[in-house]
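There are structures below to look over.
Presented sequentially are two complexes of subunit A, the first with subunit B as partner and the second with subunit C.
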Partner chain A sequence: MTDLLWILVSAMLVNNFTLVLFLGLCPFLGVSARVSTALRMGLANIFVLTITSVTASFLNAFILPFAPYLRLISFIVVIASLVQITEMAIKKLSPTLFRELGIFLPLITTNCAILGLAIFQTNRGYGFVEGLFFALGAGLGLTLALVLMASIRETTELADVPSMARGMGLVLILAGSLSLAFMGFAGLFTV
Partner chain B sequence: MSAGARGAGRGGGAPKAPARWSAASRAGRLELTASPHIKGPDSTPRIMWTVVASLAPVVVAATWWFGVSALILLAGATLGAVATERWFGPGGTLRDGSAAITGLLLGLTLPASVPLWVAVIGGAFSIAFGKLIFGGLGQNVFNPALLGRAFLQAAFPTVMTTWPTRPETWGTLAGDTFALPFMSGDAVAALTGATPLGLMKFESVGTEVARLAVGATGGSLGETAAIAILAGGAWLAAKRYLDWRIPVSILATVAVLSQVVRWIDPSSPGPLFMLFSGGLMLGAVYMATDMVTSPTTPTGAWIYGVGIGALVVLIRLWGGLPEGVMYAILLMNAMVPFIERATKPRVFGTGAPVEATS
Partner chain C sequence: MSPTPTTGVQVLSRGVWRENPVFVQLLGLCPALAVTNTVANSLAMGLATFFVLLGSSVLVSVAKDWIPKQVRISAYILVIATFVTIADLVLAAVVPDIHKALGAFIALIVVNCMILGRQEAFASKNPVGRAVLDAVGTGAGFIVALVAIGGFREVLGYGSFLGVPLLGPAFEPWVVMILPAGGFFTLGFILLGFGWWEARRANSVRPRRWMNEATVTVEAPR
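Right after this comes the complex of A and B.
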């Protein structure tokens, strides 16, 4: 149990996918202008990451022992199809959410955070339950980063930012500052 | 307003008009102006320079314990900050003193053996990327001084974690202060020790609280003299230049949590050690209370303070780093927009907090 919690906290804070490992920067920079959208993007990420983890566990258990050379390609194909299914489901179930996320749902497919999760999980030898906690932690960490970034960006909208830094420049500086702050979690629960 | 107010002054000569009324009102004339009607003497420069003045005991303590290097470093960090504000900032903002505070506070978080050029770069980074990039005073998200320190910690980890012992005479440099930029100086020139938190974390050695309170320990320039910091903070709180809720909630949270942890695990440091060691006092009193980067509502201030205290205990007791005050405050700075959103006061006469229309 302690191990599972540690996996969760580690993926969420200590090795936060976005702010420490710099994975999944596309949604982090692209969909963090509004808190409401960022939250939905984060939830979509949690959903896809969890499915990825389950899929990776099954692939690792049943297919890859017989065909290890299929690892990368099977991860990519399975994840991409899963995201397409997610997109279709969301389009059907919540047109509003679909409109809000727009282009970014397909972006989750090619998101390195997703492939990164599958590969990390395989390399660290996580089983099914450990993988689930890892995915949940990674998703929560992404959501946390997205929502923090969005709330800060909404505040700085009113700021008198110099023209050279307006827009993406300020966003990247904010991302760097947040990343500096997250360095404080380094080594948590390992000493 | 005089033309419109002329006819209304017939009942004039009310015997005891309050002194804060304007001359026209006291003379019995009706004066029509836009709000605010009651003005205090406080202004941004006045508040900022008062904060600078309140840091005087801390600066004196720092120079007493660490010698002439402390003065040089504080001057260097302040110079870096002020020069950046002067060159890149909007004109005329030097007079409000906010750049001087940032530089001084950054200087107080440095170890005494840091080379001068690192302090200058830190001051410049604080102002440029902590403040000016957001459009100047009042618009930044993170505390500029702490952002500068986090940058220095990431860029120059070795010099930022080398803690010199007290130099033998006041005029002895505590380290290779005048090293050339990016040159490795004479690292062996000064004796190095460990901070009380480092001793506790890596060797499980405690330090007496009395020594911590007066600052007779290793550490950053301004974090060692807890009493001087508390005195300055009390003065500012009495003048209401800082929100007393923030330091009180931070210190109370740290004390309570570390006491609880001690009941469970008696080998962990108790509340007194946690309160008086490291940068907690300086952070709680001077960094966390920055008016720009802390919440405005009283409820928000409590949440913010408790969050900082909890993060400090978390990082100090279970983290990989001996000290976490800087990161705790930066993380809660990032949470402030969220706290403000959650503690938005109810508009009088309405049922629920009003959502801002975007």
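Right after this comes the complex of A and C.
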């Protein structure tokens, strides 16, 4: 149990996917202008990451031992189609949830955090349950980073910054400061 | 996108500077920040991406008439994933050290939006020759950007360039530059530099392209 919690917290804070491992920067920079949007993007991410983790465990256990060189191709194809199917299912079953997550679901498929999760999980040899906790931690970490970034950006929007810093330059430097803050979590655990 | 370039030279050159994938279009940022703590890693990553981009562009351009429109994105991803697998295996066999340092990011070239973007925007609509020029230009631009960021970080973070000590023993390395935060800071300051340069240029007649493109990405569903 302790191990599982460790995996969760480590993926969420110490090795935060966005701020420390640089995975999923596109949504982090593109969709972090409003807190409400960022939160929804984060939730959609948690959802897709969990599906991915389950899929990757399944592929690793049953299919890939026979053809390891197909790993990358099968991951991306299976994940993309699964997200597509899930999107259709949600649309049918819960229109409210579909409106909430809507356009974010397909966008997430090409987010490197998703494929990154599948690959990291494989490289570290996580099983089904460990993978699930890893995905949950990663998703929570992404959401945390997105929401923090969005709240900072909402604040700086009204600030009087020099004209050359309007746009991505400022956002990246803010992200750097956040990343620096997350470095503080590195000493959170002593094994 | 800028007006369609007509000559081959224009196709080749715009990817390097005017539409540089990292500095101007802000595409492919994950690898550009994640593996650029030394010049050697940046170079390997840039070359691997260059190879994948060139190979995919050629194949997509050759096969463009046989790919049904409805499944084109999946087809592009399959082509890209194949080339990435090749690059991954070749790097693991030829330069195992660098392959280890780059880790999962070689595999993640698949989801580099710059590569998919070039297939969709250019290779699928142009003959092979122009697709090659475009891939070479964009790939070179990516390498330039990665090596610039990597050089900045290695010089300040280790006091060396390509492993050769530059700044002497008295230099105190800036550890922050090697940390992930250093990647954000470096690209941030480079973009600030560009912003300052553009602002100085005759009160900039045209708006900065990257600002428009970066902010238009997604609007929340109401």
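Heads up, the rule we're going with is that the second predicted complex is superposed on the first by the 168 of 191 C-alpha atoms of A that agree within 3 Å, B and C clash if a C-alpha of one lies under 4 Å from a C-alpha of the other, contacts with A are read in each partner's own complex, and residues count from 1 in each chain.
Criterion: a residue touches a chain if its C-beta (ideal position, glycine included) is under 8 Å from a C-beta of that chain, and two chains touch if they have at least 3 such contacts.
Keep in mind the model is a prediction, meaning the values are calculated, not measured.
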Given the touch rule stated above, what does A:T155 touch, subunit B (first), subunit C (second), both, or neither?
first
I'd like to know which partner A:F22 touches here: subunit B for first, subunit C for second, both or neither.
second
Under the stated touch criterion, which partner chain does A:V147 make contact with: subunit B (first), subunit C (second), both, or neither?
first
Is it subunit B or subunit C that touches the larger share of residues in subunit A?
C
After lining up the shared chain so the two structures overlap, which partner does A:S94 touch, if you call subunit B first and subunit C second: first, second, both or neither?
neither
Check whether A:I76 is in contact with subunit B, with subunit C, with both or with neither, and answer first, second, both or neither.
second
Considering only the touch criterion stated at the top, classify A:M183 as touching first (subunit B), second (subunit C), both, or neither.
both
Check: subunit A residues flagged as touching subunit B and also subunit C 34, 165, 170, 173, 177, 180, 183
Flag every residue of subunit A that touches subunit B in the complex, lowest number first.
34-35, 147-148, 151-152, 154-156, 158-162, 165, 170, 173-174, 177-178, 180-191
Given the complex, residues on subunit A that touch subunit C span 19-26, 29-31, 33-34, 36-37, 40, 69, 72-73, 76-77, 80, 99-100, 102-104, 107, 110-112, 114-116, 119-120, 123, 163-173, 175-177, 179-180, 183
Residues of subunit C that touch subunit A when the two form their complex:
26, 29-31, 33-34, 74, 77-78, 81-82, 84-85, 88-89, 103-104, 107-108, 110-113, 116, 176, 179-185, 187-189, 191-192, 194-196, 198-199, 208, 210-211, 214-215, 217-218, 220-221
Taking the complex as given, what residues does subunit B use to touch subunit A?
129, 132-136, 139, 141-142, 147, 150-151, 153-154, 201, 311, 314-315, 318-321, 324, 326-328, 330-331, 333-335, 337-338, 341, 358
